[in-house]
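In structure tokens below, several structures.
After this come two complexes, each holding chain A, first together with chain B and then together with chain C.
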Partner chain A sequence: MMTNPMQRLTQGQFSFLPDLSDAEIKQQIEYGLEKGYAWSVEYTDDPHPRNTFWEMFGMPMFDLKDAAGVMMELAACRKTFPNHYIRMMAFDSTRNVESITMSFIVNRPPSEPGFGLVRQEVQGRSLRYTVQGYSSAKPEGERY
Partner chain B sequence: MNDIANPPMSAKQRYSAGVLKYRQMGYWDGDYQPKETDVICLFRITPQEGVDPVEAAAAVAGESSTATWTVVWTDRLTACDSYRAKAYRVDPVPNTPGQFFAYVAYDLILFEEGSIANMTASLIGNVFSFKPLKAARLEDIRVPVAYLKTFKGPPTGLVVERERLDKFGRPLLGATTKPKLGLSGRNYGRVIYEGLKGGLDFMKDDENINSQPFMHWRDRFLYCMDAVNKASAATGEVKGTYLNVTAATMEDMYERAEFAKELGSVVVMVDLVIGYTAIQSMANWCRKHDMLMHMHRAGHGTYTRQKNHGVSFRVIAKWLRMAGCDHLHAGTAVGKLEGDPLTVQGYYNVCRDSYTKQDLPRGLFFDQDWADLKKIMPVASGGIHAGQMHQLLDLFGDDVILQFGGGTIGHPQGIQAGAVANRVALEAMVKARNEGKDIVKEGPEILRAAARWCTPLKAALDTWGEISFNYTSTDTSDFVPTATAS
Partner chain C sequence: MATIAANTAVNEPGPSQDKAATVDLQAIIRETQVGEVLDQLDRELVGLVPVKRRIREIAAYLAVTRARKALNLDASPPSLHMCFTGNPGTGKTTVALRMAEILHRLGYVRKGHVVSVTRDDLVGQYIGHTAPKTKEVLKKAMGGVLFIDEAYYLYRPENERDYGQEAIEILLQVMENNRDDLVVILAGYKNRMDTFFQSNPGMSSRIAHHIDFPDYSAEELLLIARKMVEQMHYRFNAGAETAMREYIAARLTQPNFANARSIRNALDRARLRQANRLFESPYGIDMEALMSLSEPDIRASRVFTQGSGGEAETGG
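Let's look at the complex of A and B:
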């Protein structure tokens, strides 16, 4: 179990709050759609802080303007990967933004062992640090 | 007052030895139409008794461009009309007898490409000590796209910063390590670790933490990076601490920045007092090494705060966006330091806009096309706490770093609890806003609801909930609500 105050991975917009219900997730999706964002569902079993590219559960839904449709994609992803981390991501194509504007976790494995810090002594008092997931030694798909 | 006749003179009359009025020397042209490529400055001037405001405006134009106090024949060797700045409009400042807004246009040829040092040496070089003026203030500036494109701007920019940190859709959270002075490197690193593990994204060195007898800079960097990495492993998030590399010389600053890079820091910090040239050099260094550059505006209050004399912070913010920094302290409006809310929002717009529209209540006198220059992440720091989260989110939106120093470290249950309180308050408020709640009105109730399941937030609200700093601001906008656009 992770030892931070929330005892879990705290990436994303809402990890310090109680898990969002489906109705609450839908409200966030509607907020993004009103702003003109495109939603995407992504999943991984390697939530290392520098693992930028989680797997895409299909492409960003550029043409989907109905939150119910986005929720169906999420439900399908949860069904396929019930023990993976799943996050919702919103993309904004506005000039001078052209990036992600929302990101929050909506599914987690039942237990989150977290990460250890490997210290390599180098010259002087300097250390080289490696953040290593306790589950990452196992092959993909068998980690949680 | 803008239609004073400028009696035409022959070239021979104009360049006869002696002293002429600035307005007769070509520094006033009430009919001048500024070009797209001109730099336009708005000065607030207070002429001495008996000095005509138009003559004073012409003098400002003269002294900030080519003029000296007397006529020189050597002007005739040059295309001198190009080099003369032109005052073209003078308005009385609303409700402020004795003060005038003077608009001055400068041709592009006056400025060296990509040099804030050169631009400031012209615009604020001599003119602020000029005797015929009691006081002068550079209120705002319009920088032409042609000149902006000679600057590289922020090394990273707020969009790419978010991508690197993997943090989207909410303000970032930080805290300045306290006490500012006296902690050993090891004790200092403890504060960093607790704050980051508790839920903050960044911790920060204070402006005057450099390398004093109680803590050598290398010691600080080593312990801080241990704390950052340990907190990153504990939370699974990218974390950072602004390592202040401000030092006596560029060589020292580069040495410190290199060490921060070797240790894997994502961010370094400098103070505004290092000067524009050093800032541009450090921005180059940061660009080369994938580093965020945090700017603490140390010292700015000496020249930005008083309305009648100095340089407005909105101008400083524009120069810093051009010179290049990724974070800039831009005020809190609700905290312990000077700042009228609308005026402060004006600074934020300057940092973050793609195109800034004229907005007189926010002190913005000009439209400013930013020509795709990267955006600065503004920092709200100084006397703010979790109980103000709804006001802060409403005032500043998502693209801001909210820094709760005392509001984290002074938490009755400890630093981690302080960080939890701030993060929970923030996430609860962002969630509520996205759900369509009126956070200004319902904010206190939203915080109380979150405090029912979050003990650290309850303790924070019990401790600071009622604290506010309601003093009258000295730097507010002067405008007539019905005034037409210039």
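Let's look at the complex of A and C:
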């Protein structure tokens, strides 16, 4: 059985669907804005599942009314990092929620080799497992 | 509504269009309820005849653009960036708020909110601070109207390293590229805006509508005073209105006159005096007394006692 038959990173919302078009992304953003979320754009070329903190592209955008502003920021990020993973995050600032409520990938590198499992034998027959991206061996900025 | 009421259909020939196709312009006007906003503008704002005429024209133009769109007559969306010039207190901000509503009703802007900023909100303190700051404001204004008050402060010719120029460049770029996402309205005093445009020709040419707000006449100012008093749930009693008329005539000749704003300040001070008068009154007070501004409240103003001596806006 293949563990990554689609050759796609599946993190966040909509990741098992085909890539969202710009119009669809805009609709999602519009939905979040209606709920009062603050959108932000993040990017990385190290999409390890444990790497929860990606790099921020600009500040989170509070007090926006329309998706056009967020789309402008996304366009700028895509221009700067065309081959990186880019995701949109919606922050809900409601008291006692104060966390990310939506997150989905909007930009992917052309080829996604995925992750390998490294087995380390320790103390007799025990095994320790490590998940390692196939492209993570290369230096930052040259991975995809 | 007469100016927009072109109840015949759009009948310009369109590319490969059925020339007999009609569209009901009145239906568009009814459905968007833009007439209501225009009427409200007429009712609530005193004077400003050229401004109202221009706004009607813009509303009519947008309604016709919608009608054309319904018949697939292609046209790039009109540029609606505006510049409001006029003396202080002539209603530039108020009209900008109404403008946003009109544009929203006619579907030109998607959300119809107004983001009101001044130089401080756009220009940064140090190198590299301006661009993100300006962009943040622009992003907030998307889908609505960006109202830049005292816009001429953005450009400071005396300091060539001023960051204002950078803000202007970003503004211009977004005004051009995101034309259907936001409308920029610049406001400021006439002569200073003129020098601002002279030094920034790119800005001037990107703004399609230059609207000049005339000063109010004494008669209009009295009308404004009446409306304000009504809004504050007060009323002028017998002599007070004559006193107000004389006050306006006297105030007009003095420096630092800020049209409606001066009237508002004068009324605020009259309210203070009225409160003080009631406070010191030994008798019981009824609703009538609480509501009425009387002649001495207005006559006590320094405008009357000082004659045409220079009275500051803070004076009585």
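As a convention for this text, the second predicted complex is superposed on the first by the 138 of 144 C-alpha atoms of A that agree within 3 Å, B and C clash if a C-alpha of one lies under 4 Å from a C-alpha of the other, contacts with A are read in each partner's own complex, and residues count from 1 in each chain.
Going forward, contacts are C-beta pairs under 8 Å (C-beta built on N, C-alpha and C of every residue); 3 or more make two chains touch, one makes a residue touch a chain.
Here the structure is a predicted model, which is why all the values come from computation and not from measurement.
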Clash or fit (per the criteria above) of chain B with chain C on chain A: fit
Touched partner set for A:59, first chain B, second chain C, both or neither: second
Touching partner for A:131 - first (chain B), second (chain C), both, neither: first
Broader residue contact with chain A after superposition on the shared chain, chain B or chain C: B
Which superposed partner A:9 touches (first chain B, second chain C, both, neither): first
First, second, both or neither for A:48, with chain B first and chain C second: first
Contacts of A:79 with chain B and chain C, given as first, second, both or neither: neither
Partner chain(s) touched by A:68 [first = chain B, second = chain C, both, neither]: second
Smallest separation in angstrom, by C-alpha atoms, between chain B and chain C in the superposition: 17
Common ground on chain A, meaning residues reached by chain C in one complex and by chain B in the other: none
Residue numbers on chain B that touch chain A, as the complex places them: 159-160, 162-163, 166, 168-170, 197-199, 222, 225-226, 229-230, 232-238, 262-264, 354, 372, 375, 416-417, 419-420, 423-424, 427-428, 430-431, 434-436, 450, 453, 456
Parts of chain A lying in touch with chain C, wherever the complex brings them together: 58-59, 61, 63-70, 72-73
For the chain A and chain B complex, residues of the former touching the latter: 2-6, 9-11, 13-18, 20, 24, 27-28, 31, 47-50, 52, 89-90, 95-104, 114-117, 125-129, 131
List of chain C residues in touch with chain A within their complex: 110-111, 113, 132, 136, 138-140, 142-144, 178, 181-182
